[in-house]
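Quick notes on the structure that follows.
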Amino acid sequence: MSMTLVQVVVSGLLLGAIYALFSSGLTLIWGMMNVVNFAHGDFVMLGMYTAVVVWTALGGGPWASVPIAAIAIASLGIASYFLLVRHIMRGPMLAQILGTFGLALFLRYSAFNVFGANFRTLPDTLVGHSFVLGGIRFEGARVLAGAVGLIVTLALHFMLTRTAIGSRMLAVSEDATAAQLMGIRPQRMQALAWGLAGAATGIAGALIATFFYTSPTVGETLAIVAFVTVSFGGFGSVLGALVAGLIIGVVESVSAFEIGPVYKDVVVYVLFVLVLWFRPQGLMGKT
Amino acid sequence: MVKVSRRTAAAGAALLAFGLAGSAFAQSTVKIGAVYPLSGNAASAGNYEKMAIELAAEVVNNGNAELARMLPFISPTGGLPGLKGAKVQVVVADNQGAPAAGANQTLRLITQEKVAAVIGAYQSGITETTSAIAEKYGIPFVNPESVAANLTERGFKWFFRVTPVAADFAKAYSAFLREQKAAGKKVDSIAIIHENTEYGNSVAKVIAEVFKTDGLNVTQNISYSANSTDVQPQVLQLKEKNPDVAIFISYTSDAILYTKTMKEQNWKPQILIADDAGFNDPKYIKEMGSQVEGLISRTSFAAGKPGSVAAIFDALYKKKTNGDGLEDVSGRGLQGMLVLLDAINRAGSTDPAKIQAALKATDLKQEQMVAGYKGVKFDAKGQNILASSIVTQMRGGQYAPVWPKANATADLVLPYKGW
Amino acid sequence: MTGRRILHLLLIAVVLVYPLIAADSPVYGRLGALVLLGAISASAWNIVGGYAGQVSIGHAVFFGIGAYASVTSFVHLDLPPIAGAPIGMLLSVLVAAAIGVPTLRLSGHYFSMATIAVGELVRVLSSTSDFLGGAQGLGGPAMPRTMFDLSFVSATPYYYIFLAVLVALLGLTHWIERSRMGFYLRAIKDSERAARSLGVSSGRYKLYAFMLSAAFTSLAGSLYLCMFGFIDPESGFGILISVKMVVMAALGGAGQLFGPLVGALILVPLEELSNSYLGGQGAGLTFVVYGAIIVIIARFLPSGLLSLLERRKVVRRAD
Amino acid sequence: MAALLRIEHLEVRYGDLIGVADVSLEVPRGAVVALLGSNGAGKTTTLNAIAGIVSVSKGAVSFDGAGIGGLPAHAIVRKGLALSPEGWRLFTQQSVENNLLLGATPLADRTRIPRLLERVYSVFPRLAERRHQRAGTMSGGERQMLAVGRALMSEPQLLMLDEPSLGLAPAIVDTMYDSFAALHREGQTILLAEQSVDLALEAADYAYVLQVGRTVLEGPARQMADNPDVQRIYLGME
C-alpha cells in the first residue's frame, strides 16, 4: 500500500467517525421510537449555524460553540417531540414522513430567511491547522470532530446499555405499556431521547462547521448520508452506526481515489443494498 | 366522493379569487419578468442576480447624470427616455432551481403579470424550459448567464443570450496558458477538476476539446459531485500526480472544500485556475480569499477605471448590498438587464415584437459595458458575438484583471502562492 | 339522496369544464393540469405505498425512466416523445421487478431506505450517461412539429389528456381495491405475517403492486416530459420527486382511492401560489409556509385529510 | 381485615365493545384473592384496568382508601400495585437482571434494591443463575418467574398476577404456586387471575367468579371448591 493510499484510508476513517457522529442522533430516535426524522439533516444544519453565530458574532471558539449548539439542538429536539412527534407517532408510518418532511422544509427555509442563502465558513483557528504524524497528514478540525464522534457514539452506546436511564429508554422502545407498569413515563423517556439525539446532533453540527461550509441546504446532503449510515448499521444500534460510518467513510475515500469521485456514491449505495440483501436488519440491528 | 369534490370546488374558487386580486398591474410602467433560483441550492447566486437586476431598474427609474452620458437609456432625471420617462418594474419570480417551476412562473409572468420581456434563468436547464414558454407566447427572453451550447441552436426567434459560452472560456484559457508556456512556464501536465452537474460537465468537456486541438496536455480529468461531503481523495489524487496546472470548475460549496482541503494536504500546483462560479462568490472571496493568493480566475466583470460604467455600477451595487461588489454572476446579470433596457428604450414601446426587433439591432460598445465584453451584438441565433472573458488573479483578498494585457490593472504573478 | 346525485353530477361537470372556467387565465388552466399530473403520479405511488403499505421513497426512478424514455425517443429516434411512453412503462415494470425482488423483502423503514438508495444510485448513474445527456439533461422538440409532439401553448389539451389517464388509473385502482388482489394487499398491509399464515403469497402480490405502480409512475414521467420538454437527472430522478409523491398521497390519505387526488388538490396549488406570491422576495418564505402547513396537517390529521370525512361519518352513525 | 383494594361496578369499554360490564370485588390486606373465569370472562381486562393500562369507563377503584381510577399506569404502580401482565411483556432485549432492576423503578429508596434482588433470587433461584442472560432467550417457565420477580421488585402492597400457570409444564406450575404460598406466608397481598380453578382455590383465601364481564359468584375459597355452581358456570356445564 502506497503512503498516499494509507493517507486515503486514514482520511476515510476520520470521515467515517464524523458520519457516525451526525448519524448517532438519528439512530437513537429511530431505534427508540421507530420514527425516521426526515428533518435530521436540518437539525445538523441548525447546529452548524448555532456554531457560526456563537463563533463569529459572539466571539466564542469551539469551547463555547459546541456546548451551546448541543443545548440549542437538544431544546429543538424536545420541542419537536412535544409539539409534533408525540402526535404523529400514533398515526401510520407515513404521517412521520409527512410531518418530519414538513418540519425539514420549515426549518431549512426559516434558516434561509434568517441567515440568507449564502455559504458561510468559520475562520481558521487553532483547530484548523494540520499536522503530520508518521508521514500522514491530519487536520486538527477533522481529528477533533472524529475523536468527539467516537466519544459521543461510544458514550451513547454505553449510556443505553450500561445505565439505569438507558435501560429505561430501551424498555420504552420495546414495550411502552409494560414500561408504564414499571412506573416509567414513556413520554419523558421519549422526550429525553429527542433531547439526547438533539444534543449529539448539535455537537456534530458545531464540529462539522469547523471544517465544512454552512448553508441552509447543507442538511440535505448530510441527511442522505445519515440515512444510509443508520440503516446500514441497523436501527437503534449506536454501535452499528459507528461501524457503518467507518466502513462507509473508508469505502467512499478509497473508491473516490481509485475509481473516481463520481462513482463513490454508486459504490456505497450498491454496498448498502447488498448488506440489506444479506442482512435485512442492517449490520448490528436486532431482528 | 361528494364531499371531496365540494371541498375542491370551494378551494378552487378561493384560489381563483386570490389569483385575480394579485394580477392587478399598473399601466404606466414597463414590466419585466425575472426568473431566478431564489431558493434551493443555487439560491445564493440567484439572489445576487436579483439584486443586480433590481439595481439596473432603480438606476433607470431614479436617473443618473453620470451614466446618462454613456448609456442612452438612462436619463439624468429618471425614467426611460424612449418611453416618455416610463418607469421600469421588475417582477421577480423564484424558479426554485427546478425546470418545471421555472416554466410555470414564466407563464405567470407573461400571462398574469403581462410583462413585456423576461430575463433569466441562471441554470441552463431552467433557461431551456422558461425560454420555451416565452417563445410560445412570443415574448422576448434575454439570457444573461447560461452557458450550454444548445440553447442558441433551437431555432428560437425570441431568445437572446448575452454571455459568452463555454467554448469562449476554453479558448481564453488555452490562449492564456500557451502564452505562459511561450514565456517559459511549465505547463506540461494539466488537471481538470469539475463538478458533475450541467455547468461543470459542459465547461470541462469543452475545455478538454479545445486544449486537445491546441496541443495542451490534459493528464487528469476528475469529475465529482458538487454536494460532496469530502474531497480529500481527489486532492490526494492531485497531490500524487502533481500536475503543473490545475483547473477547477466548481460551485461555492465545493470551492470552499477544495480550498480547505488543499491547504490541509499542503498541495499547490504552479498555476491554479478556477473557472469563475464558486470561486467568484463574494462570500467565498471574503472568507477564503486570503487562502488562495495568486489564484487565477475567469470573470466577465472587472470594475475597470474610475468613472467607467462598470465602476459606477460596482459602487452602486456595493451600496445596495452593504459591501458585496459586483462579480461575474451579478455583473453578467446586470449586463443582461441593461441590454434589455436598452432595447426597450430604442423600441419606444412595450410591444414584444418591437422589443424583439430592437434586441436584434442591439449594438452596444465596449465602453458601455458593465461586463468585460467587447460589446453586445446578436447573431441570427441570438448569441452575443462580442462576448468575451477576462483573466483575473487573486491579489490580497480580491481579484485584479491580469490578462489580456489591454484590460489588465495588475501584473501576473506566478507561481501560485496559496495561503 | 337525489340531492347528492345532483351534487355528484355537478362536480363531474365542473371537473369536465374546468378549462373553460379557467380559460381567461392560462395560469389557472395550467394549475388544473398540474394538479392532475401530480394526482397521477401520487395515485400510481398509492398502489404500492398506500394499498400495500410499502413506503417507497424511490419512485422517482420510474418517473425518470418515463421522462427519459420519452425524451430519448425524440432525441435518438426522432419520434414524438409520447411514443416513448410505452417503452418507459415496459422498462419501468422490468426495473420494478429487478428492484422489488431484493427490496420488498425488507420491512418498514428498511424498505424505504433501500428505495432511497436505489433512487440516488440511478440519479448518479444517469448523470454520467452520455446517452441520457449526462448532467445537462435532454430537451424535447423545441417547437412542435406535429400534433403528436403534444406540445401545446394552451394547458387545455394537457388537462384532458391527464384527466383521461387519471380516470383510467383510478378506475383500475378501484377495480383492484375490490378484487382478490385488493383483499390480499390490505391483508399484507395490516399484518404481513398474518397474511402469509392465511396462505397469501405476500411477496408476489407486493411485487405485482410495485410493478403496476411503476408503470403508471413512468407514464406520469412521460406526460411531464411532453408538457415541459426538458429533463435532467435532478428533475427526473431527484429524491424530491419521490418525496413529493409520498407527501401528496399521505396528505390526502394513503390507501384511499381519492387520497392522492385530494393531496394534489391541496399541495400543487399551495406550492404554485405560495411560490407566485412569496417566492419573488427570495427570502425562502414559500417553503416556510409550505412546510408549516404540511406539519400542521400531519400534526392534527396524521391519517390524511380524508380521515376528516371518515370521522364525520362515524359521528353521524353514532347519532 | 381492612380492604386494601376495593372495586365497585367497574366497566371497561373498547369503543363499542364492552370488555368488562360490572365487576365488584375487594382484596383485604394480607389475603390472596382469586379471580376465576373462563377465557374471555374479563379477568385480564379487570387487572389491566386496575393497573391503569386500559381506562375505566365507569365505576370506582380505590386503593388503600384513595381512588386510583383514571390515574396513568406509571402513577398507579408507584402507589404500591404491581401487575405481572398477561403474556409477561418482558423486555426481551435486556438481561434478566436489567428486567428486575426496571421493576424497581418506582422505589424511592434505591438502597433497598440489593436486598430486593436477593429476595427475588431466593424465591426464584433459576433467575439468579440466568441473571446475565437476555430475557428473550429464556424458557416459558423462566419468563413467568421473571415477570413475577419483576413485579415484586417494586415492593408492592398488592401483587397482581395474570394467569401465572398459562402454558407452563405442570412441574413448573407447582414450583410457581409453592412460591406464591411462600409469599402469602410472608404477608404479601395477592390478586390472582386464573383459569385453573383447582390451583387457584388451593392457593387463595377468597374467590370471585367472572362470567361475561360480571362478578357472578363469590365466597371463601374452601366453600367455592365445593360449590357445584362454580363448576357449572366456569366450565359451561349444565
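Order as written gives the chain letters A, B, C and D; numbering starts at 1 within each chain.
We take it that a contact is a pair of C-beta atoms (placed from the backbone, for glycine too) under 8 Å apart; a residue touches a chain by one contact, two chains touch by 3 or more.
As the structure is a prediction and not an experimental result, all values here were calculated from the model.
Trainee: Determine which of the two chain pairs, A-B or A-C, is joined by the larger number of C-beta pairs in contact.
Mentor: So, comparing the two chain pairs, more contacts are at A-C.
Trainee: Of the chains shown, whose Cα centre falls closest to the middle of all protein Cα atoms?
Mentor: So the chain sitting closest to the middle is A.
Trainee: For subunit A versus subunit B, what separation do you get between their C-alpha means, in angstrom?
Mentor: Result: the chain centres lie 36 Å from each other.
Trainee: Quick one: report the Å distance separating subunit A from subunit C, using the average Cα coordinate of each chain.
Mentor: 31
Trainee: So what's the Cα centroid distance for subunit B and subunit D, whole Å?
Mentor: About 76 Å separates the centre of subunit B from that of subunit D.
Trainee: So, what's the distance in Å between the C-alpha centres of subunit D and subunit C?
Mentor: Centres of subunit C and subunit D (C-alpha means) sit 53 Å apart.
Trainee: By the touch rule stated above, which residues of subunit C touch at least two different other chains?
Mentor: Correct list: 124, 127-128, 282, 284, 286-287.
Trainee: Going by the contact rule already set, what residues in subunit B reach two or more other chains?
Mentor: 38-39, 43, 46-47, 196, 223, 225
Trainee: Which pairs of chains touch each other in this structure?
Mentor: Between chains, contact exists in these pairs: A-B, A-C, A-D, B-C.
Trainee: Looking at the complex, which residues from subunit C come into contact with subunit A?
Mentor: 49, 55, 57, 102-103, 105-110, 112-114, 116-118, 120-121, 124-125, 127-128, 239, 243, 246-247, 249-251, 254, 282-288, 290-300, 302-304
Trainee: Under the touch definition given earlier, write down the residues of subunit B that touch subunit A in their complex.
Mentor: Listed in rising order, the residues of subunit B that touch subunit A are 38-41, 43-44, 46-47, 196, 222-225, 227-234, 236-237, 239-240, 252-253, 256-257, 260, 263-266, 281, 283-284, 287-288, 291.
Trainee: Quick check on the complex: what are the subunit D residues that touch subunit A?
Mentor: Its residues touching subunit A are 51-53, 72-74, 77-78, 82-83, 85, 89-94, 98, 101-103, 105-106, 150, 154.
Trainee: What part of subunit A is in contact with subunit B in the complex they form?
Mentor: That would be residues 4, 7-8, 11-12, 15, 19, 109, 112, 116-121, 123-124, 130, 137, 139, 142, 211-213, 215-218, 220-222, 225, 252-254, 256-257, 260-262, 264-265 of subunit A.
Trainee: Using the touch definition up top, name the residues of subunit B that touch subunit C in the complex.
Mentor: Subunit B residues touching subunit C: 1-9, 11-12, 15-16, 18-20, 22-23, 36, 38-39, 43, 46-47, 50, 91-94, 96-101, 103-105, 107-108, 111-112, 124-125, 128-129, 132, 135-137, 148, 150, 154-156, 196-198, 200-202, 223, 225.
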